[in-house]
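So that you can tell them apart, the chains are marked A, B, C, D, E and F in the order they are listed, and the count of residues begins at 1 in each.
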Amino acid sequence: MKIKVLGIPFDSNSSFLRGPYLAPARIRLMATEGSANNYTEEGKEIIAGQDYQDLGDLSFSSQDPQKAYEQIKSAVSEAIADGSKLLSLGGDHSIAYPVIEAYALKYGPLHALQLDAHGDLYENFGDNPYSHASPFARLLEKGLLKSLTQVGIRTLTQHQREQAAKYKVNIIEMKDFTMDFISALERPLYISLDIDVLDPAFAPGISHYEPGGMSSRQLLDILLAIKLPIIGADLVEYNPIRDYHDMTAMVAFKLMKELIAKMK
Amino acid sequence: MKIKVLGIPFDSNSSFLRGPYLAPARIRLMATEGSANNYTEEGKEIIAGQDYQDLGDLSFSSQDPQKAYEQIKSAVSEAIADGSKLLSLGGDHSIAYPVIEAYALKYGPLHALQLDAHGDLYENFGDNPYSHASPFARLLEKGLLKSLTQVGIRTLTQHQREQAAKYKVNIIEMKDFTMDFISALERPLYISLDIDVLDPAFAPGISHYEPGGMSSRQLLDILLAIKLPIIGADLVEYNPIRDYHDMTAMVAFKLMKELIAKMK
Amino acid sequence: MKIKVLGIPFDSNSSFLRGPYLAPARIRLMATEGSANNYTEEGKEIIAGQDYQDLGDLSFSSQDPQKAYEQIKSAVSEAIADGSKLLSLGGDHSIAYPVIEAYALKYGPLHALQLDAHGDLYENFGDNPYSHASPFARLLEKGLLKSLTQVGIRTLTQHQREQAAKYKVNIIEMKDFTMDFISALERPLYISLDIDVLDPAFAPGISHYEPGGMSSRQLLDILLAIKLPIIGADLVEYNPIRDYHDMTAMVAFKLMKELIAKMK
Amino acid sequence: MKIKVLGIPFDSNSSFLRGPYLAPARIRLMATEGSANNYTEEGKEIIAGQDYQDLGDLSFSSQDPQKAYEQIKSAVSEAIADGSKLLSLGGDHSIAYPVIEAYALKYGPLHALQLDAHGDLYENFGDNPYSHASPFARLLEKGLLKSLTQVGIRTLTQHQREQAAKYKVNIIEMKDFTMDFISALERPLYISLDIDVLDPAFAPGISHYEPGGMSSRQLLDILLAIKLPIIGADLVEYNPIRDYHDMTAMVAFKLMKELIAKMK
Amino acid sequence: MKIKVLGIPFDSNSSFLRGPYLAPARIRLMATEGSANNYTEEGKEIIAGQDYQDLGDLSFSSQDPQKAYEQIKSAVSEAIADGSKLLSLGGDHSIAYPVIEAYALKYGPLHALQLDAHGDLYENFGDNPYSHASPFARLLEKGLLKSLTQVGIRTLTQHQREQAAKYKVNIIEMKDFTMDFISALERPLYISLDIDVLDPAFAPGISHYEPGGMSSRQLLDILLAIKLPIIGADLVEYNPIRDYHDMTAMVAFKLMKELIAKMK
Amino acid sequence: MKIKVLGIPFDSNSSFLRGPYLAPARIRLMATEGSANNYTEEGKEIIAGQDYQDLGDLSFSSQDPQKAYEQIKSAVSEAIADGSKLLSLGGDHSIAYPVIEAYALKYGPLHALQLDAHGDLYENFGDNPYSHASPFARLLEKGLLKSLTQVGIRTLTQHQREQAAKYKVNIIEMKDFTMDFISALERPLYISLDIDVLDPAFAPGISHYEPGGMSSRQLLDILLAIKLPIIGADLVEYNPIRDYHDMTAMVAFKLMKELIAKMK
């Protein structure tokens, strides 16, 4: 099974700050700067060109949300056309909409696991249908998800609770967190990992600081506990503008290794 | 039941650094800067002017500890005279002395829950009876507390252990932390929340870094687990001078929302 | 029983950054700057000159690894010659090789507890036998350890797993962490504490950011749970160059107090 | 003559980062936090409500560039309708287009002094006619400037040099900087001050770091040397996301005082 | 001629932040950490114990301003009793009052050169006669200065201008800065150097950020241009809490060397 | 005339910190992250692959100083064999020794202009002949420089003054800085640019903070004023570990463009 990594440096759908478009290049740098090795926690070595193919970054000639949506969907469709699995490096969370849609076009509706501080279920956020506050609303409206499990959430508004009820989203809020959801996950499983699921203490390099998140250890333990094969994943919302000495870049680099190992 | 919020920007009783007097204005800014919404973790919306009345900040014409003590006590007495509940935003922890005394003058001795890294029980600290190291010594000496439960402590000196024994303070040190103390809390309950109860990793914007504290998640879980109504609260020792990209300001803003929700 | 503290400001065996040689002076500063007191979590007061003798810092006239190795070994031998217990403040982890060897020369092979993100078991790292990636390989090769228990590890390469198997190292990886290992510890026990066993959130002042580590609370709980007397200890890899407002210096200062209390 | 200050927290036309929309609130905070007084360098006291009227901030219900353009133009027209002079606090530099157009609608074409690292003369930047890289192109195309003097520029592209030639912009590049341009300034004079005219050393809180800029002293000396009355001004591109301990906020606060004094 | 250095870690007379009391220990650290040598710009080597005697730090048992004033005055009197010259390391600028008074008690009224962003001439600031905003008002009232030359000032209020006129202070404001004042300096000359005379770009480790200051180069050039012998000096207001990687500590260390060289 | 750029990520000859080996990758990132354009101050566009050939980075299999010296010398010889001009991106200043020697082997002794805070003339520094404190001592001993002009120096020890006298180095110390030295420069001219010639305010991303340096503007003005063609250059000592939001990376990127333009 071939695994590919694609940088999607697009953050114009962010509602507060920009910065995530700088993420893919910074995450790759961690693999070469020499403060860590290329092994996962379970002892698999993950080497570019050998264990995965790095497709480099998409290049966006315009910041127009709809054009970006089309371009990302098309690039992902092409990348997975040969049956490869893809890890997409954001960019903000808005990229999950075209990425997962491309997957659904090939494989039919997916089971998705979203690790996130936010529901991203707004029907309308600032009149931008592609907002990073809405990707899962879009996917659910189009029937592209067989199920959606959200873990780590701690910012639900009344509107988002209603959206969740309407679309039967399974939400494990951070205040009620246990590992029990894992046994209920189903295939084909896609993981959408917003790095702000972590408490800001562990990942200062994000745009929205929402206290009360999980620790890096808890997040790694979730990934290690998932025994189902995963069909694809994205890693989004790392914002280098707010990072401290690449602390969050190292978190993203480690998560990248673990997600790739999970696809093998 | 009316809820009020009062900024008490006074930090001249601090023993190490200054900075907490900048806190109220910075915490309010978090509500308007747009990186988070106004909902609590349990789904209540908390809006200024609607869910609480913001009294603004006290203005101190002098840095004299005794004058400040009188001014704070008087302002709090006035604020709660109509039966309103008050959330006080410090300032350093010295403000808890006049704030709680004003409460006791109206309601009689209170049951207090103090979340803190430090006991703040010094009989004498630097010859300043109003020191932020002594507010609970003062309150206990005057018989203004029916009981005092301290949670998260991890810096007890021999003197403070003796003070605790003398005044029958119920201390749950961080090294022995469990949630069991919650079931023993009694009404009327007042919460005094020193933000350094958190490990400095979660709240770098404080004056005294004392490792081994609780996580933001644990602190939120404590607040969510308290089912008793609370009669008042203070949130103290946020120090913007040491904050990282408003990380701690966001913690304080979230705690403010949760404490207000707790008063409703 | 006399306790001594020795600063070993040597970091030329580091593979990525330098900085730990600045650590001893910075840690001592925490004891005098006044933001914390001198008590341990269990209430023992730890005062320089009274509870321990501060030997000051070794002075290195050369950065040559072998000369430094000899100088450290000799200084430690001298310090413990009278039966004193020694806490060594690094410097990088390479200092553990000569420090523990000096101990073994006096007491015979030791039982060692290594708290660390990394195994430090490389047979060869960059052709430098004294590398901070190899001290425990050296000690095991020479038969100076009766047993080695590693806790907190989360970066094992295939080579290091083979080394661990070869030398029967008992590894409790962070992903499998429980406190069960404590009951199996034996005397004479030496503790080698690499501060990067903590998650970088709790200790940003280190050279290698490896997410998924333990919290300060967990580390303190381990130390408090060890009831065996310890014969010596080192505290290494604090790197002030990357610290945030002395947050990690305060962690090191607290660990220093707890380790000294443990030796009494 | 009445002077007004208007916050225009809009930065969606920025090409690289966001953040300037946070600026007005942060600049105002400097006036109340107490580390500086309210006097200008020439000894005038500048007090809100007395020496100028603070109109507060515009509130943008949409991030749409054209709607924002209309809203800003309309608000400025209203503010200056009674003959008042206005200081606009950005936001990014894109706000200068509607602000100055509103001025020109009332007073006819202006003489403008632009202090800036960048020409902001792009005919087309990323297909956004309202881009912060293009406000002066727009103003010149519409004939709203009788003259434009740019000072501090150090990033001209070939295209921008052609634009400057086409519109007879008088550019004093930083490499050729002298104070001689001041004597040639004419009335009615408007000043558009992009804080990145300063070297990043003096103003780290900006989005585009372009070395070789002027010092804070040089910028203040320019303002002090202008003896013509000014009709209006804007202060843009302060980005709190990148600031260091409010260093740049203090620069902006001081410039605000000096610009207001200049209008009196 | 013997030269002494005395740390005066007292900052309780500060009006905004605290922190300068941490300065002396941090400045000394620069001499030993190895990123710079011990030579002045003119080639003199300055070694502790050889070129000057380090008296260590005063220890303050109380934060009472008057007691501190007495203690400092007495310690300085003792230090200079044998005809030694003294460099005092603050602490905030309030220490200049007792330090210079002690000098005047021995030598009669002095000629003083004050390098500073602020006049420090307030007759009354917050009802604290010992405020760091008032030391030169106190000295002038008592007739302890034969002349006072202030250089680098950029924050004069109306009250301070009146004070300056009353006491015939010679003020060279930063906006009018030239080196001409140097030729008019007279003996016996004392230098009081507030590090905030520098622009915050060069010295971020200070409490009050006042843009438009001099560069490190300009300040060094002033010291090098003074050919008169100096009788004593103080170096105040370095605030480590706001420093960036010891950048300002290195400025203070360099100024310390140059001032000592100037006394020889 | 072909121009090449070579990354030399080697910093093991540094005496204080490490970090410069991370520089080449970080400087290149500035060209792609989009906060600046590719034009020089005089309007030349500098594009990789068109205006210069990027040779990528040398890869060092060992940290041995002598092996690195041989490898660098050999790589540079190869790069310039076809008459190309080379810009070397360090790494610490030790790389200048093999780089310039390779040049001298092809072209004979050079005239060198060294922009630096330090003389780098130590005959012996820590017993490492390849130390970054000694490259110009080595080059002068071997007779590889026809002349050496040092500009910006502000740290001379007695030993270095003697070395300078012995080898007739023309030193323009920062305290005596004027632009007069430029007219005396001769061909073939090589420029060795240590970024710490700048004051730390302008370039916080360096290992040795030496106050009193030149501004970015002054440094750029020097480069613009040199009208002689230059035969090669190096840009060294940028240390990302200490940088602030890539401020110094942007300085290095701008200097890279200006140096390449100078070679054309």
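Just so it is clear, a residue touches a chain if its C-beta (ideal position, glycine included) is under 8 Å from a C-beta of that chain, and two chains touch if they have at least 3 such contacts.
Given the structure is predicted, the values throughout are model-derived calculations rather than measurements.
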Starting at chain C, fewest touch steps before arriving at chain D: 2
Chains touching both chain A and chain E, listed by label: B, C, D, F
Type of chain A:chain C copy interface by residue overlap (half), same or different: different
Between C-F and C-E, the pair joined by more C-beta contacts: C-F
Distance between the centres, which are taken as Cα means, of chain E and chain D, whole angstrom: 37
Where chain A and chain F are represented by their mean Cα positions, the distance between them in whole Å: 42
Chain E: positions in contact with at least two other chains: 16-17, 199, 201, 215, 241-242, 244-245
All pairs of touching chains, each written as two labels joined by a dash: A-B, A-C, A-D, A-F, B-C, B-D, B-E, C-E, C-F, D-E, D-F, E-F
Contacting residues of chain F [partner chain D, same complex]: 34-37, 39, 41-43, 45, 199, 201-202, 215-217, 220-221, 224, 244-247, 250-251, 254
Residues on chain E engaged by chain C in the complex (per definition of touch): 22, 25-26, 29, 32-33, 241, 245
Chain B to chain E touching residues, read off their complex: 14, 16-19, 62-64, 126-128, 241-242
Of chain E, residues touching chain D in the complex: 15-17, 154-158, 161, 173-175, 199-201, 204, 207-215, 242, 244
